[in-house]
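Each in structure tokens, the structures are laid out below.
Shared between the two complexes below is subunit A, which pairs with subunit B and subunit C, respectively.
Coming up: the complex of A and B.
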């Protein structure tokens, strides 16, 4: 009877040849049925139609270096990268005085280092980095960019700031302000204190209820009429505050979504431990709530980053506006200049937004480890 | 819900009453010239970007015809064309900025119209640039006048006075045309370039700038007819006549200098000239600056730092620039143009 029992396992057979290899993968993924085949073919046709002219315009026929727009105006010339190269300084600094541009470089470099330090989750002393970035850095940036007679730096009024400098100032300050403000507003909206709750609801609903352009116009056009000239805030500060407040209202609703996802038991458990309200929020509720809504938060950041382009309509020379203005230069103006400028702008915004999106995915994965264990 | 709605209403009412009550306090404090001198720089509302008139160069320095006017005003006050700060303003916020005192003078291709001058409390300075709508056509069409455009298709930007002027012009002259409208000037130009229309129309000053965007600017001509009136010039707030005079005479001094052949290069030589008109202009005879709150050399400073009107024109938009705009209506009155300055005496 023991003859029926195997002493060793049967050797595993290789998978059938029809299900491995390139052909099988292609068939399985791209041609698994008539519908899939049609879509695959349509896709190939589309790519064959779209990609070659794009590559030809952006790379093959592109003008990589030229002293002025003459070469880019030649018939059949593609993207005029020479023009981007020539205007790179203007795109980055706007009208910031040429001799003083090193100050912007310093601010960029310090900011870059501090942000990288904060973003690398395994980096040591991140508390110090946070203190530097959120407290020391803004002071340094304002002193350096604005200048002050005491430091021997000529004052550069904000009218002259522009380009990537302004876009990044808008985006970073909007992001840095909107998160804490948003959290505060979200907590305020759920507060048991009627005045706090009323104020939070009112603020969120009014800000969300009007278009961002309205907020910007209000900040830029109406404010100076209401207050004496000497009181009117700086032309750059007005939209900056407008953008930050607007973003905070959206952020508050994202955070509120996270708060509502936390089971009641967590609140009660925290109370049972004898923690007071700030402790409950800081130690128990917010870490969980914020982790849940990371995709929403980053979504708001990305939207905010792109919304900064709206400040152009109130006369602030952000990056997109700089691109839009530079293409009028008669030295360079030509049939391809506008397209080149906008492609470059699109790449710029894409790189930043894609970077934010990837980083948030990585953070999500890391935080999800505790839940998947 | 009704309980929360009431305070909201009260709040709204409060905000509204505040907004009604406050504008009274916004009037400027003291004469503009004193404020400018005290500040140490002129604040000039400028164009955010029109080729030849106001555009930042590679280094971010503002350059252009309207820009140089502000530099001329700064020169006459400070003897330094760089003591001016430019605040680029969109068409929407230019008047608010002037009204609120944020800028001292607006030099940003603003059309002088009756309602703007009468209704909004502004003074329009002399016309520094007589603009008007014109037509661009391909050279190979062999059209020499807009009156030969009967039956043509015309690319035009939608919803602007340009579109209305176009209709008026063709109707007045009993000519047929087909207007092809586009939302933006860029699209209209593109359509013209690809051959969708025979002609492209917009204001003359911009027509020359738009032409540089085409593949071969030399293949296109701008027809001589100007079919609308667009007088452009500096704007100041009403109520400060001294400042208004200063802005006016900055332009006139540049015109008179051109008329008398005084240029940036030869102004020092001309100081010794015996021509009484030149003497009065450059302040070697009489004192014509005091009334403006300036010194005797008020006009000398402008010409020394900036040059005369013709030089500014040619350098920024005329033969010395990529735009190659003809003087046309902007020639001196002695050359069949409209630029005419009252005499200094």
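Coming up: the complex of A and C.
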């Protein structure tokens, strides 16, 4: 009596043809139901309407190189990239003297290296990088940018600084001041001492309750009134103080979120080891709290970076104001110059902000991985 | 050998005792803050006297002697500065109120589009959100004002929308309602309709609880809210008309003119805030566990009732607090009107009146106080609301 015994497995059947291939993918992704189909068609119509003129303006009809605005004024000409190229120095340095611009380049390069060092999470000696960035770098930047007779560098007054240089000064000094200040305010808000708590909450809530431009106005108009006349703060320093105070309040709330996420056992364990308050915070609590809120810190830096454009309203020559002023140059004036300048500025801010937000997402993923071990 | 007290424990030094140490530290902080504050006040008084800057509120009743191109209440150049304050405040509330309504509608639509089953629509919504969020609002405002609205033709070549609204370099002209005597009856009918609809809704809900019978709430409400005013409109002899803008000479007459500044600011604020609202809506909907929609399907609910009765009520709990925060941000961001000259509170009061009178301290603090009061009242209401709707855990 012989039965049938299979010696090899039956070959697998191919997947149903309705679920593989380009057609099935298209159907699943784009036409999975009547509503989705209608919306997809609307999307296609929108793309067909929007993309061709955009590409024509930005690429096909664009003027890529020209000695002056004549080519850009020709009827039918698109974006005038030649103008951006010609004005690049002005957008970057403002009216900083030509022969001294290497000093700005050095400050940019050192800052770039330090920030990259801080942001790469596997880099060694990140504590040293933080110390350099938060203490040594600001001193170096002020010495180099402003100049000093002792070092043999001619002094460049701040009203000649401008463009991307000023935008980055605002953003970087905002973060350098707001991080320690924000940590102090966040600790103050959670302090057991009522007067400390009162002042911290008052400062944070007032700053977060008013528009940033009013804080800048206050710093610009009233700071000179609040100090003795002989101190008269520099015109670049005034909005800087406003930006730093404003950013600190938002930073404090980010750090508070991190402090609240630390389990109570950590505080109690640190106390049981006999550590005093500064030791508990410095050695146990803050390293954990700050690690959790790195994405939050980066996000508030993005907001700060976008908000630095507001200093243009109080008369500081930042990047946006440089772009907005350059469009009035009669040599280049033309119908597309304004749009070209704004598109370029938008791309500049987009690249910075989008890049940073991708970074903070990546850190968030990494943190989530290490937490779910 | 060591110094011990009767109880046996060593008496701590005063700077090691947490109670005294806290007291000393706080005293020092208080003294420092008071010292800074007093120094600022004394310096400010001396500096202001030295420069001839007024320190009182006499400017409040003086004539403003400048014109404002958009006023919701009577105003002329001879009106006092106090009137400027109210004109500016109303203009701020107008652009903020409209912006909140429009950005909510667009934001919810884009947020839903990001979760669309159509890959193309979801990607387009993502491009919108990322593109708008990562560009400064100020740049967007001056873009709309200088590029889009700055290149418009004169009224004779205005861009028409279906021949009822016209966009030109003098602004956007839209149809406006005209009220004739008797129009009040329509308002009364509308109020009666709304009260009736709410009453019917409550009655239907109670009946459904008691007997399980459902009533056509939607249809009856629509009939009451829309039908009653319509009946009143016809019965009183059609006292409300619509006036369309018409080209007369070199400009439009009739209808309502919206200034280019207003249109640019409203567009920029709306589109910017909508991108943030879209993200809030998306994360709120995704925060509802999948089990909820699966359980609803197991109970036999179709997709639409599942969304309305199961997903959205739970998503709204997550959405509302950050949504209100965005409303506050929009209101505060409306101060950027100063960049293009829309006469909001900050622009006319902290800008023009401050320049005219020089009363910097009083005016900046008053302006800040207005926004601060709005923010603090809103967050107080929000906290109360949050406490009420917070998920009641067993």
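Here, the second predicted complex is superposed on the first by the 319 of 373 C-alpha atoms of A that agree within 3 Å, B and C clash if a C-alpha of one lies under 4 Å from a C-alpha of the other, contacts with A are read in each partner's own complex, and residues count from 1 in each chain.
Keep this in mind: a contact is a pair of C-beta atoms (placed from the backbone, for glycine too) under 8 Å apart; a residue touches a chain by one contact, two chains touch by 3 or more.
For clarity, every value in this text was computed on a predicted model and none was experimentally measured.
Of the two partner chains placed by the overlay, only subunit C lies in contact with A:40; subunit B stays clear of it. When the two complexes are overlaid on their common chain A, residue A:152 makes contact with neither subunit B nor subunit C.
When both complexes are overlaid on chain A, the residue A:16 reaches neither subunit B nor subunit C. In the superposition on chain A, contact of A:313 is made with both subunit B and subunit C.
By the document's definition of touching, both partners, subunit B and subunit C, reach A:324. By the document's definition of touching, of the two partners only subunit B reaches A:162; subunit C does not. Taking subunit A as the reference chain, the count of touched residues is higher for C when subunit B and subunit C are set side by side. Shared-chain residue A:90: touches subunit B; no touch with subunit C. In the superposed pair of complexes, A:228 makes contact with subunit B and with subunit C alike. In the superposition on chain A, A:342 makes contact with subunit C only, not with subunit B.
Of the residues of subunit A, those at positions 217, 221-222, 224-229, 313, 324, 335, 338 touch subunit B in one of the two structures and subunit C in the other. Only residues 4, 7-8, 11, 18-19, 22-23, 25-26, 28-29, 48-52, 55-62, 85-90, 92-93, 96-97, 99-102, 186, 193, 209, 212-216, 321-323 of subunit B touch subunit A when the two sit together in their complex. Of all the residues in subunit A, the ones that touch subunit C in their complex are 29-33, 35-37, 39-40, 42-44, 46-47, 192-196, 199, 205-206, 208-214, 217-218, 221-222, 224-229, 302, 306-307, 309-310, 312-313, 320, 324, 335, 338-339, 342, 345-346, 349-350, 353-354, 357.
Partner subunit A is touched in their complex by these residues of subunit C: 22, 25-26, 29-30, 33, 39-40, 43-44, 46-48, 50, 53, 113, 116-121, 124, 130-131, 133-139, 142-143, 146-147, 150-151, 332-333, 335-336, 338-339, 346, 350, 354, 360-361, 364, 367-368, 371-372, 375-376. Note for the complex: subunit A touches subunit B at residues 73, 75, 86-87, 89-90, 93-98, 157, 159-160, 162, 198, 201-202, 217, 220-222, 224-229, 232, 235, 313-315, 317, 321, 324-326, 328-331, 333-335, 337-338.
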